[in-house]
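Only one structure is covered here, and it is reproduced in the block below.
Chain IDs A, B, C and D follow the sequence of writing; residue 1 opens each chain.
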């Protein structure tokens, strides 16, 4: 089930995340230089948002960039950097004004990962995959022309990027592919001498999530048509992120259940080719690993709790805390 | 389904609520006078805790009692007084020290409802039943010997009483009776030409709540055996209140579903005898009315949110807000 | 699928919403609930004058709408205001069956004009939600049997009654005054009235309609019921949101407590799901797999409806338990919607069967 | 039913809990997870010396326990520490089957002493959770077939293998060195190792045990699996509680945010339900309706287990996603417990069937 395995080619960081920010806030030079390289795949971008101890609270970030002539000197640490081990570029939120209060004094920097002082350390996730990393910065010199927009205005660009990320994270396509896989497995799996898919309890689980997905796919289209009409997806994006993650995680849970005892073997790389290493006659792949791996969907990119807080804040004054 | 219809005889106020308080905090005279009358049914007690606008926040109550010689003069209003229209006595929380902060300065008074100045006004609940009331006090003179325990220490007695109320509100017996009814209805009801009970989706709902109830019945026994061993049920009582209400409400929901279209007719008194007035061949009684009526289980007597706050506070410091 | 209403539908929505906001407040509605008839003839006439009933019929039928989205727009607004007048049963279900019968142009005109009331007597005491379970018999156009929970039966000038005619099921038009027709009426928990209808050799006029025609009308009813529940859920969430922002506890608006704030957010998320479900219902009505695409929304709205009704009451606390508070009625409309045209489980099963097919 | 442990069981619990707290910390356990064998022979020997294995057998069998509550006490502690050593499969399931066979006193003694390892090869590639689905055949005590996900197969000195003998199912003792026996081992996601076992005309010694005997041993395994999951859930909730109290966000411990506080409370409520479920499982083991009373807890713990594992991870956030953090392993133990001896749905169905009977 490559569609749900976070295969490198579909990592949205460059195309769907940095792209829109450069188009809206980048300089003409930045757009001319970076956008083509994103499209032709010259650059592989990763994201430097989260920091240790900051959790979903991006505004409290500590990585600082100090202006030194025509460079910034960057020191600090980022974490949960997805597939950073493959990337050659990273876009980072850095603190350029230590005295400004929380969400101000943050800037948006583009950093070449081959610069001296950049170190990538792997984080092994609970399913055994090396998918995310820590990225350490020690006196990393970044040319000032890599600053996106104005200094200390990075938070604005970050928020804009996050709404786009969230829309992406509805993951309708992943869910549809995942559901297909679940049905394939459940047709092949035996349950009391019949195909599992004919078991009313399992069929009910599948049907309910399929019905949820039907509706969310329409919500998704509505938001896209709004976006097409120029409205920036805000509230709806948060809603889509929450519901989308719940649906995908439910589908991962169904796949795990469908496989039965063969969900137990350990596949060391959930990302690809694991099937060979699993003695599963259903050829389901590392479904249990994916179930655990995709718990991240409700945690990373602004946890579902953060999203619920945003929804409450926007709809009710001060409903966030 | 009288067991789940809050029939007067099972209202726990006198026996399981006031009784324990008098035994623990009442004077010898109060015990000798009131306890026998509770047991032989001479007195019908109702509860004067909640006040308009106070919600589950008992500590903010406003009804005040001012000492005047050997009497208290009581002024104020209570609400959600269950079956107050039948009661001749009410035990009340009243504020005796207006200057004390929230939970102090509250006293526990026993008030004869025939005293001049006591007025009972009905509240019709959403299922159309007259089950709860407002009780108004205007210059009501209450003899000081009706003060339970010490003046301004009422909050302690109230908390003690509430834990006992909650243990009662686990309602295992109600749930068991309710589940029996659900099964009876579902055996009689047709679904696609078969008894509804044989429908796997409905059977699954019934089985899951039955399994939950099996477990909660054991939790209930554990708490009772602790109480028998002298430990006051605190945390466990709150847990039982929350889980017990959820289970009872789920069972009410199942009964409503089981009846199908015949859940729609309106029975003007959910408390008794409604069956005659409903053209339901399943003889299910006012199940939809009970479904709505029992939403109160998670609201009155300290809402489930209050209970969750208590559980969090006790287990984590300051986890309540 | 178009997500923006056409100009006409937008106008219809605005007009109806404004009218109901001004004329159908809680007090007025509670008077109607307490009334003998269970609904207001004045409101009925005004709904007809506003063109609300006409919007439920195609131009060929003498109306100026009749598509899935017309029906959805009307019933979402009716649901928002908790309207108890029998628009669904008398005008939509009854009227569209008459229109399908053909040759009843005059009667349909009267329905659209608000002058004529209908009731559809199909379900029976033991049929529950099964559409093909009919024991009432017809011989020489004389009907005998019992019909269960027939909406609007007492007020109806004519009843449309289903009966076994040989091995098939056929629909008959029965006059209110027909011999052997007995109507035992009673009020409904969520407002309006229904009746147990017994027919004893009662004469009926064959409409030339079969179960297939009934199923077609039933699809329209499913759209309407889903949209009405959506409208009611919008009111329930709006009431709850306002309450959380105004009601104070421990010195703060209770909406500032994170637990309630997050639960409110979940309701808003599910409300969007319900809105999309209604769009799907209205949009797929002419699809070859329409039944599957109608079972999905009915199931989803059944699940979301319960959540919204229960959470709205819970987050309000005691006040929502009182009969005269707006939410009490709205919550009953939402939950009772699950008891019409097949409930959550019925449509889950149907969806499973149809999506496997 | 007694809710307070006997003095002996209290001692066993205290000893085992203290030992695991001191000897089975996260670091040590993660080393064991990464090891070739997938478990620690030293830990195994020490568990035997502590009498943990003996507690799983009755006095007649050479142990000093063996009742439902003895098993529950042991596995709750093993679950609390996330122990991956194959106590359930090698000692309890394998050992109790040998003991039931009779005439194997010496082997059982070695199991209790920690000197002998067993594996039970019953499930097959397409049997999923069905106990009576066996295609492996036996003729003249020669076994041929494939067994799926056989726990501890590589380390086992003997395998207990089920096979179709004519029309009945019988159990055989197979030596690790037997001809035609092939063992393809692999690690498991939640720790420990299993293997695909193929037998080709492999000699086995008939144990005189049938499917009925296997079902009896399977009941003990169900108690053990439920208790182990309970212990793991206790650790998951404890870790989460501590994390909520220490971790700060927006300048406050995140446990002071009401949404998380209330969700934590719900976990604690469900944990009490799970505790009661394990008491029921252990208490009803000799009841004529034991199977129904074992399906109930397995279903409940399957449901609660998923909730606890997912909520514990969610409330922790990113850190719980990292392999070396204690909760990651504990959560895997909880969720994977649902894949043994029948999952949530399997036991829901069995409960429905048995409670209707």
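In this text, contacts are C-beta pairs under 8 Å (C-beta built on N, C-alpha and C of every residue); 3 or more make two chains touch, one makes a residue touch a chain.
The model shown is predicted, which means the values in this text are computed figures rather than measured ones.
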**Q.** Chain pair, B-C or A-C, that carries the greater number of C-beta contacts
**A.** B-C
Q) Distance from the CA centroid of subunit B to that of subunit C, rounded to the nearest Å? A) 36
Q: Determine the centre-to-centre distance between subunit B and subunit D, using the mean Cα coordinates as centres, and give it in whole Å.
A: 42
Q) subunit C to subunit D: how many Å between their CA centres? A) 52
Q) By residue number and range, which residues of subunit C touch two or more other chains? A) 257-262, 348
Q: Return the residues of subunit B touching two or more other chains; collapse runs of consecutive numbers into ranges.
A: 200-201, 204, 305, 308, 321
Q: Once you've mapped the touching chain pairs, tell me: line, ring, star, complete or other?
A: complete
Q: Note which residues of subunit B are touching subunit A in the complex, please.
A: 200-201, 204
Q | Complex interface listing, subunit C residues touching subunit B | A | 123, 125-130, 133, 148-149, 184, 186-190, 194, 196, 247, 249-250, 257, 259-260, 306, 310, 313-314, 317-318, 320-325, 328, 331-332, 335-336, 338-340, 343-346, 348-349
**Q.** Residue ranges of subunit C touching subunit A (in the complex, touch as defined)
**A.** 1, 3, 241, 244-245, 253, 255-256, 258, 260-262, 264-266, 268-269, 272-277, 279-280, 293, 296-297, 299-300, 303, 348, 351-352, 355-356
Q.
So in the complex, the part of subunit B that touches subunit D is made up of which residues?
A. 197, 200, 203-204, 207-208, 210-212, 214-219, 221-222, 225, 236, 239, 242-243, 305, 307-309, 311-312, 315-321
Q | Touch list for subunit A against partner subunit D, complex | A | 50, 55-57, 79-80, 123-128, 132, 189-193, 196, 199, 201-202, 205, 249, 253, 256-257, 260-267, 277-279, 281, 288-289, 291-292, 295-296, 298-300, 303-305, 308, 321
